């Protein structure tokens, strides 16, 4: 069954959150794969389930509300969902690591950068080789990691608390944190979104650059297609918890097939916050009682009868281009 | 034009109704909140209808019957009788009146000045107004409220009115502080700045723009505080600074009954449980409201 | 996970277990002698013998300041007086071996017992008597008022002879001497602090506040304000000191029911205070080896009516109140075993008039009197404020009863629980004195005149002993006349006349003759005064007569 | 801002607060109706004695002068003479304060320790019976007045089980250690008197427990909620994603930020503790400053009232400073920005 080429294989993943309002099926049948060394983009509007997907893969869904209902997440031939907490821990950080969307939230506010970085370096090394590093070694590695992340004056930085840094610096620290592990798979969740537009770009370039340099397989989660085109090998397009289209980054721009992908491409400048309403009123019912059949059908201009009734399967368009749409697939 | 406004109003109304529905859903999702609501309603109803629901309404006042004194709980007297033969259940039910009055009146009196002080200080953040008001509240908050309330009650004539006044004096700073926190964070918000730019008067901004945004926090705190004030009032009574006999007062009943421990335990335990019951109700309700209104500051 | 925290949890468990085992709840065997907490009660019969009694504080051990029950008790044990009272109200020589009275009754010459030692070993002389009197008058508190304006001079004629000269004849003078405690002049002079008395500084009030300078059978060992006064036996005491009298007499400053009860159960308290409720005394009496001693203390519970404010300025209103009071219920339900008072003087006090009119519980008569009053028909406009001492639970019962009974005849009574100190404050002026105050008053010396003067002479109006504000010239004159009368029979005759006069005026509801109750460990304590009490406050607790048997105590504890 | 600067700032603010407090207390203690001196001396005391004492207490001067003289005294630790015990109030305070401090410290330790422990247990065993028991305890603790706890404990542990003494600080049959600190447990340990130590400890247990219940519940509640909130925080997820061992995350990265709210609420809990001491000391006949204070209040002993309130105010302010410093130490976010919301 296992394909050695595949580093990560997510099949038909369904994740839901239990809330006061009821069960939110945030991810509903997501399929995705990442091969060794491959850079894969996952694109979709804010709130379509990208972050949840990332958390499910890392096994860090908020407990007890978040829950994987069905599907498989296979990492290097093992189903992460069936692993014990201990085993997941063993791959986390060593084999898979992540960069989070909001660097302010992702750094522990009451520990210095140094304390956090040292701990990561130590536990990485200990797990990889069973070695205990000396304080000096840890320090040197931390300084090196910060330098690599283009941070000036790493010595001073190490004794700073996150609150003393700017948003951009914090994200660089996060990148450094993610990079010290030399993981095989890095999941980056919109690393630039929470930042100033000017800094966004720098961060993007930095993270991309570091990833290419290390040849780490990457799952890059973004709401903006622009980023994808430049750096990604393949792109998955997600809508309301489902994969709707997948293709290499050339095809997806040249010949997008799913009406939603097309919409995305046309609407590049006004993507964020558009489309699916972000307000509480709009989003919630959508996941409690999502539209039947194809979830995009209420907004689709090519809607057919079947779209409202049945969930579209993937239609293989060749050259690894797949689309889940009755209109464009058949 | 008209139909547009009407439609907007209609939508607003719907939205509000929907919000209420959602809030109720959230509130009722937590059965403890419902328990709290029920307790509070029971206590309030018992207090209002005390003369009709209590078994021996005449026992609330000047009444002695030494032939029936200190009887243990029985079918005739569900919670037993006290040292002069009065039915404890009756007195507990009437005792709710005093407790509730104390809670409502104190909060009712303490909240408005505290809110105004907090709003003003928050709006004029970083000016001398802010400094003056908040330093005064600091002084009041520098001593635990019960202690100062006791000191004040002791120097005033011994009656309920002054007891309430003393607790009120101790209580407004908490509201000032709560509202100050909210107001000073809202003071920089765009809608406040927008109002400033359009030339709205200061009172208008404070009361029409900032106050409505503090309402849910204030309301939640008030609910929670009723319980705390009931405890403080009971504590004052316990020390001997509460309502005058024969007015039934739960705290006084506990302290009077304590003199007869352990043989006549019901004389002290029953009113004590009544206090716990009441405060529990307000606390559960307050917690439910806090969750429902998503208030964090309280 | 949480390895450290689990360790802490373990630690806590161990601590808690330590507590529980340390306290050994399992040793509890029966109600009579419960196993105490971790310190086994001292069952050994060696070591000092204790007598522990609970009291209501404050206890003031300065003889120029203290005057209440606990203070009097302490003073009686720490100091001596010239004469000592007998149960029948007469006197025996004490510090004064004998005395002469001049023919005009204006001069008393006392010949002191020789060889009386103060606690510091110095001898008590006439100088000390003079100093004690002058100090009492200068400080001016406590019992000073008894002598005020009556004694013109006190003079030491030689080391052992002292003369008191009167302004005018003072009938009960010898009785009042039970309140003149003799202090050690040299010791006090050595310990003067700053104060307003010129050469005498503070007159030693600072020092005597928590030290003694007496010659009594006991001396202060430790004084822990508001907590405990520990006195130890003075072996060189000049007068009778029972061989079985306790080595240590502790006055514990609490009247808290639970404390007293557990203390008595564990034999850690030997005699209870008198302020326990009747129910508490009942349950104490049920404990093996404990009895309740009862004796009339010469005082009464008085419901004092402010005679200067409407509606109680009308004698009919006061009589109506007197009739509306349920004496029967009082002596049956609230204070069983007591008797309704007859007139203003307790029936045990020498000089009591057994023939005065006694008001009874009679609502019809109350209504008749109400009809006679100038306030007839408008009682509603004159609510009667009734203040009772918040600290005493039983007084609330009486207040509630009064309120309920008065309501039946249409007299509106509002009861106010008032802390004791507030009551004293309120008594200070006519305007602030409530209509009725219920207060126990006991005589300061053993005769009717003490009570009559304190309660009804105008000079004492405004003290907590007289909130009636009677201010009646005729009564004043009669009392002064009695005080001047040296002949006992004659004086008592005037006392009786005063009592009739006062009953007629009805300024007070004479509730009942007070019974002092003290639960005590009768199994191992022989308390002679409890059998034959002395009608002077404090003297019944002179520990030098009380016999404590540690062997029997150990017997009770050891089962 | 450096921690030392922070502390200095905090101290400066507190001095202002204490000055304000002294005015407040002065005003309260001087509106006493009636003449406190006459009250203390009794109606029979001669007028010149009353006048003397009034003069000694400066009651014959104007209010501002009285205030200044009073404050001068307070700063020098002289609160005047108690009308009730006839001693200098400072002397009384010295003899009563240790008992209350002993009780409060013991209760404070119980409160913090058991509170946080219960909170941690509850989060760890979330939704199990342990969690439910902790939640019930913490609810009851918050809604039950301290005197009710005291009475219930007296009934249960004192009368029915006879497991703990319910009155006083030490058994009357045990000789107390000499006065060194005034705290019997400490003094008896210093002098090696273990019998006295255990007696004092058992006497301490029930009052301290009654006293700590409110704060303990609050602590458990806050610890529980802040830990379960923080468990959902991105940085905990991130720590996991970076591969930090779970045990280390729990005991280090989760505990420290979660302790901040519990520690910050300590100040308030301590206030509750001081207030409740007034009730608990009464029930357990504990000869502490609070019982002294209640008696002073009931007896209108104004110098004593002022002293007690002032001393508790100072204690409270000092505790709050300590709490703030600890919070600032734990939470760099506070340290780094100007403290402006409150001086407390």
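Each chain gets a letter, A, B, C and D, in the order it is written, and its residues are counted from 1.
The definition used in the following text is that contacts are C-beta pairs under 8 Å (C-beta built on N, C-alpha and C of every residue); 3 or more make two chains touch, one makes a residue touch a chain.
Worth saying up front: this structure is predicted, and the values here are computed from it rather than measured.
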Chain pair showing more contacts of the two, B-C and B-D: B-D
Chain at maximum distance from subunit D, centres defined as averaged CA atoms: A
Centre-most chain [mean C-alpha coordinates]: D
Euclidean distance of C-alpha centroids - subunit B vs subunit C, Å: 45
Averaged-CA centre spacing for the pair subunit D and subunit B, given as whole angstrom: 24
Separation of subunit A from subunit C, taking each centre as the mean of its C-alpha atoms, in whole Å: 86
Rounded Å distance, subunit A centre to subunit D centre (Cα mean): 51
Sequence positions of subunit A contacting 2 or more other chains: none
For subunit D, residues that touch 2 or more chains besides their own: 33, 154, 159, 246, 298, 300
Sequence positions of subunit C contacting 2 or more other chains: 258, 390, 419, 422
Complex contact set, residues of subunit C against subunit D: 1-5, 8-9, 12, 19-20, 22-23, 25, 28, 34-39, 41-42, 50, 52, 58, 60, 62, 65, 139-141, 144-145, 148, 195-196, 205, 209-210, 224-227, 250, 252, 254, 256, 258-259, 262-263, 268-269, 390, 419-422, 424-428, 432, 460, 462-464
Contact set on subunit C toward subunit B in their complex: 257-258, 277, 279-280, 283, 329, 332-334, 390, 393, 396-397, 399-401, 403-404, 407, 413-419, 422
Interfacial residue positions of subunit D with respect to subunit B in the complex: 13, 16-18, 20-21, 23-25, 28-29, 31-33, 139-140, 142-148, 151-152, 154-155, 159-160, 271-272, 274-276, 278-279, 282-283, 293-294, 297-298, 300, 305, 308-309, 312-313, 316-317, 340-344
Of subunit D, residues touching subunit A in the complex: 126-127, 231-246, 248, 252-253, 256-257, 260, 330-333, 336
Interfacial residue positions of subunit D with respect to subunit C in the complex: 33-35, 38-39, 41-46, 48-49, 52, 55-56, 84-87, 92, 95-96, 113-114, 117, 120-121, 124, 154, 158-159, 161-168, 171-174, 195, 198-199, 201-203, 205, 246-247, 250-251, 285, 287, 291-292, 295, 298-300
